[in-house]
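Both complexes shown next keep chain A, but they swap its partner, so chain B is in the first and chain C is in the second.
Moving on to the complex of A and B:
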């Protein structure tokens, strides 16, 4: 077991900087998801951790061991690629056995036991004698996962492993993956651009953008209290609403609330203030309630699980709301919206600066 | 289902278009390939010399009998040619693979591009020019090679192309010089066809180099490499233009390959009937070799 420590890490390709002065620690025995849009440097970071790319400057340590100049084979890591790698002339069983055979300290009985264990976890016992031609992409990727974890290396890395797998197989793969991680407690880094995957699998999510980690937090904290407007916008579907706000002392005024709100901090400097509120915390109402404001419904769309996404105009701002079931309003008709102060945060110049504690007296 | 008139017209049209597109190629192929081959086959059963001025005279299998009775020493030529092909292709493949791996493994080396370009130049030279240059290089009195290694001989000079013991190997060495780059190129192409992720996975899985080659590289690269060997074998079997400027088949018959003798019999002695029979035999040998390669290429994993 080992934690991954990243110190002042920078990687440039020609004039393009993929990773900028990064510092982070990915905790021992936990699943860390690197989440971010394409080109944010998440795959580059992973390839440097495994040793397939050399850092331009900075260090990577596993616990206190510096990994500089160590080739991947000496780092004791496992890795699963986007492209399902399976040695094509070997059966499923032989594929799993191959990395174990490189470890001379294992007895053959121990090797057989580990292969059986992995086959069980992956639910592939009946497929052990099959070859690549007999397997779909999902099963091939499961073999790759099995090969990476059977060695019980300290660290296992996953580079968008579900990209080339069709939806049903993807769910099976993620379930197998969860079982494996719960069983083996290795330190895992999992690269993905799929927020659902990151939210489902991770103990901690590192949200990346432009070669930097914007926020390293638990999935729920990242979702509930995103540290930046980018995080709020990138996570959730649709992303967080950021209507403008005015701050005086600890009192926040916003077009989304007829009553002023109270910020948890005072004496904040001037800047572009906005409140952040998730669409599911915006209530669409027929009759007004204390704090609610009138709005006009501009658009309404049904989405997964019978939920509706409603777009409303409120005093110059556009707000999206997510409701369970069809809301009691019609497109083009007036309505009211209310927000729950407990789920509102205050942002200045794109960065979260304070909670909102409730309505001001 | 009743097809509408429009549909069937379209189908007919398609057939016409396919035929119209293929027709020129087929005509070309028949005129310049099929007819000459059949002509050759027919001529092989005739006695026909361009010098005699007589029309072809039906001869039955006499030409073939002549060949099997070793007229003009053709069994010696065939044996020599097989040695030339076997040793040549083996050396070229071995060196080509080694050089291919060298260039593959040194992607960051400065000057790699220049070195590759220089390496490939022998391959693009005209064989006749190469042969002529090597005749000068091998020359016993003013050749460069003698200036370098002549001291190794007790007489102070080595007559590379004049010494019956050396000439064959000297010619073979030129063939290797010329065609090893081709096998390097094929090796690089074969290595390029290996998915990068599989190589990276093999590194992370701590596989030894022999395992990486046998499990990953060979599996993906074998087809292209075998294709290169096949092309080299066929090409090497008909080597002529490299030999003519160097030795013309001599000294004695030590560098006389099948194509050299065929060239002499047909285009110097104008012995058309006999040459045709010889060509037919060589064609059959080429087809047999190609079939063997294709069989090996198509052979699947045992037990699957």
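Moving on to the complex of A and C:
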């Protein structure tokens, strides 16, 4: 078991900088998801951890062992790729056995025991004699997962393993993956651009953008209190609302609330202030309530689980609200919206600077 | 004109063209079973009594023949096996590690092959004499290998570029060494390329006359050498000898090409036409 320590890591390809001065620690025995849009450096970071790319500068350590100049096979890291590559002419169990055979310290009985265990966890006992060519993409990826964990390496990396798997198989794969990680307690880094996957699997999520980790937090903290506007916008569907706000002292004025709000900090410098509020914390009302403001419904769409996404115009700002069940309003008609101050944060120049504690007296 | 008639006409034309191209080969093979007077008879004799005398002459009375046949086989097979092995490793490096100036190096490599043999024969001859390598099997093998490597590197690089680096990467993170990746993971996937490179080069070495004549010698003489040297005797062309030796000489390449013809196509296109094999 080992934690992954990243120190001042930089990687450039020609003039393009994929990773910029990154510092992070991925804790021992935990599942860390690297989440971010395409091209943010997630995969590059993984490839440096496993040893397929050399850092331009900076260090990667497993606990306190520097990994510089160690080839992948000496690092004791397993990896599952986006496209599973397997020996088509070998059966499932032979494919699982191959990496184990590279480790000469294992007895053949131990190898067989590990293969059995992995097949059990993956629920693939009945498929052990099948050839890879006979399996669908999801099962192949399961075998790839099994192959990566069977070696009991300290660290296992997953590079968007579910991208090419169809939806149903994807759910099975994620379930198998959770079981495996719970059983084996390896340090796991999982790259994805799918926020649902990250939220489901991760102990901690590292949100990446432009070669940097913007926020390293638990999934719920990342969702509830995103540290940047980007995080608020990237997570959630739709993302967070960021209507403009004015700050004087600790009092926040915003078009979303007729009553001023109170910020948890005072003496903040000037800047572009906005409040951040999740669509599910914007209530769509027929009748006004204290603090609510009038709005016009511009659009309304149904989404999964009978929820509705309502787009409203409020005093020059556009706000999205998410409601359970059909909201009691019609498109084009006037309505009212109210926000819950407990779920509102204050942002300055794209960065979260304060909580909102309630309505000002 | 109906479609079937047109197709038939094409076939007839194709057959005629093929037969015209094949006729010299047919003539030499038929001649090898004729007597000297039958070969030169006018008009040409199509109906004749076959005789094996020419072959008996070659195998029993001609003492040089078995040495020449053996040399041809040993020189070509050994040189090409060495060349393909070296080329495979070189092509792997070019394809995977992409050293600076790969494109230029690849061009330089091919330009060696574009060079006509007579252009380099003098310096090579002087070098071989100075090293004392003349009439030496190993030296001849090295020379032919050197001449076969550029083209093989080109063919194999095309094939290796077609093998995704995902295979390498998966192998490496699963604990495989480079040797394991090169020979166990990648090599099986470029077998068609290896066979194509092998065939192309073996045909080159099999047909090679100039260098064998100049930097070879008595102990390394091959069949083209024997044909050139033995063609004249008794004040004329020795047609029975030529026809019998030629018939044996063309047999191995013909068999090779017959059994591996599908690889020739991919070889000619540097591995860019895939899915044919």
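The rule we apply is simple: the second predicted complex is superposed on the first by the 361 of 361 C-alpha atoms of A that agree within 3 Å, B and C clash if a C-alpha of one lies under 4 Å from a C-alpha of the other, contacts with A are read in each partner's own complex, and residues count from 1 in each chain.
As a working rule, contacts are C-beta pairs under 8 Å (C-beta built on N, C-alpha and C of every residue); 3 or more make two chains touch, one makes a residue touch a chain.
This one's a predicted model, so the numbers in the text were calculated from it and none came from an experiment.
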In the superposed model built on chain A, check whether chain B and chain C fit or clash. clash
Chain B versus chain C as contact partner of A:238, first or second or both or neither: neither
Check the residue A:85 against both partner chains and state whether it touches chain B (first), chain C (second), both, or neither. both
Contacts of A:131 with chain B and chain C, given as first, second, both or neither: first
Is A:50 touching anything from chain B or chain C once the two structures are fitted on A? First, second, both or neither. both
May I ask you to decide whether A:294 touches chain B, chain C, both, or neither, giving the answer as first, second, both or neither? neither
Using the superposition on chain A described above, determine whether A:71 touches chain B (first), chain C (second), both, or neither. both
Given the touch rule stated above, what does A:102 touch, chain B (first), chain C (second), both, or neither? both
Chain B and chain C contact sites that coincide on chain A, given as residue numbers: 50, 52, 71-73, 77-79, 81, 83, 85, 98-99, 102, 147
In their shared complex, at which residues does chain C touch chain A? 164, 166-167, 169-170, 172-177, 180
Chain A to chain C touching residues, read off their complex: 50-52, 71-73, 77-79, 81, 83, 85-86, 98-99, 102-103, 147-148, 151
If we count contacts the way the header does, which residues on chain A are in touch with chain B in the complex? 50, 52, 71-73, 77-79, 81-83, 85, 87-90, 98-99, 102, 131, 144, 147
Please output the residues of chain B touching chain A within their complex, sorted ascending. 195, 197-198, 200-201, 203-208, 211, 215-216, 219, 301, 304
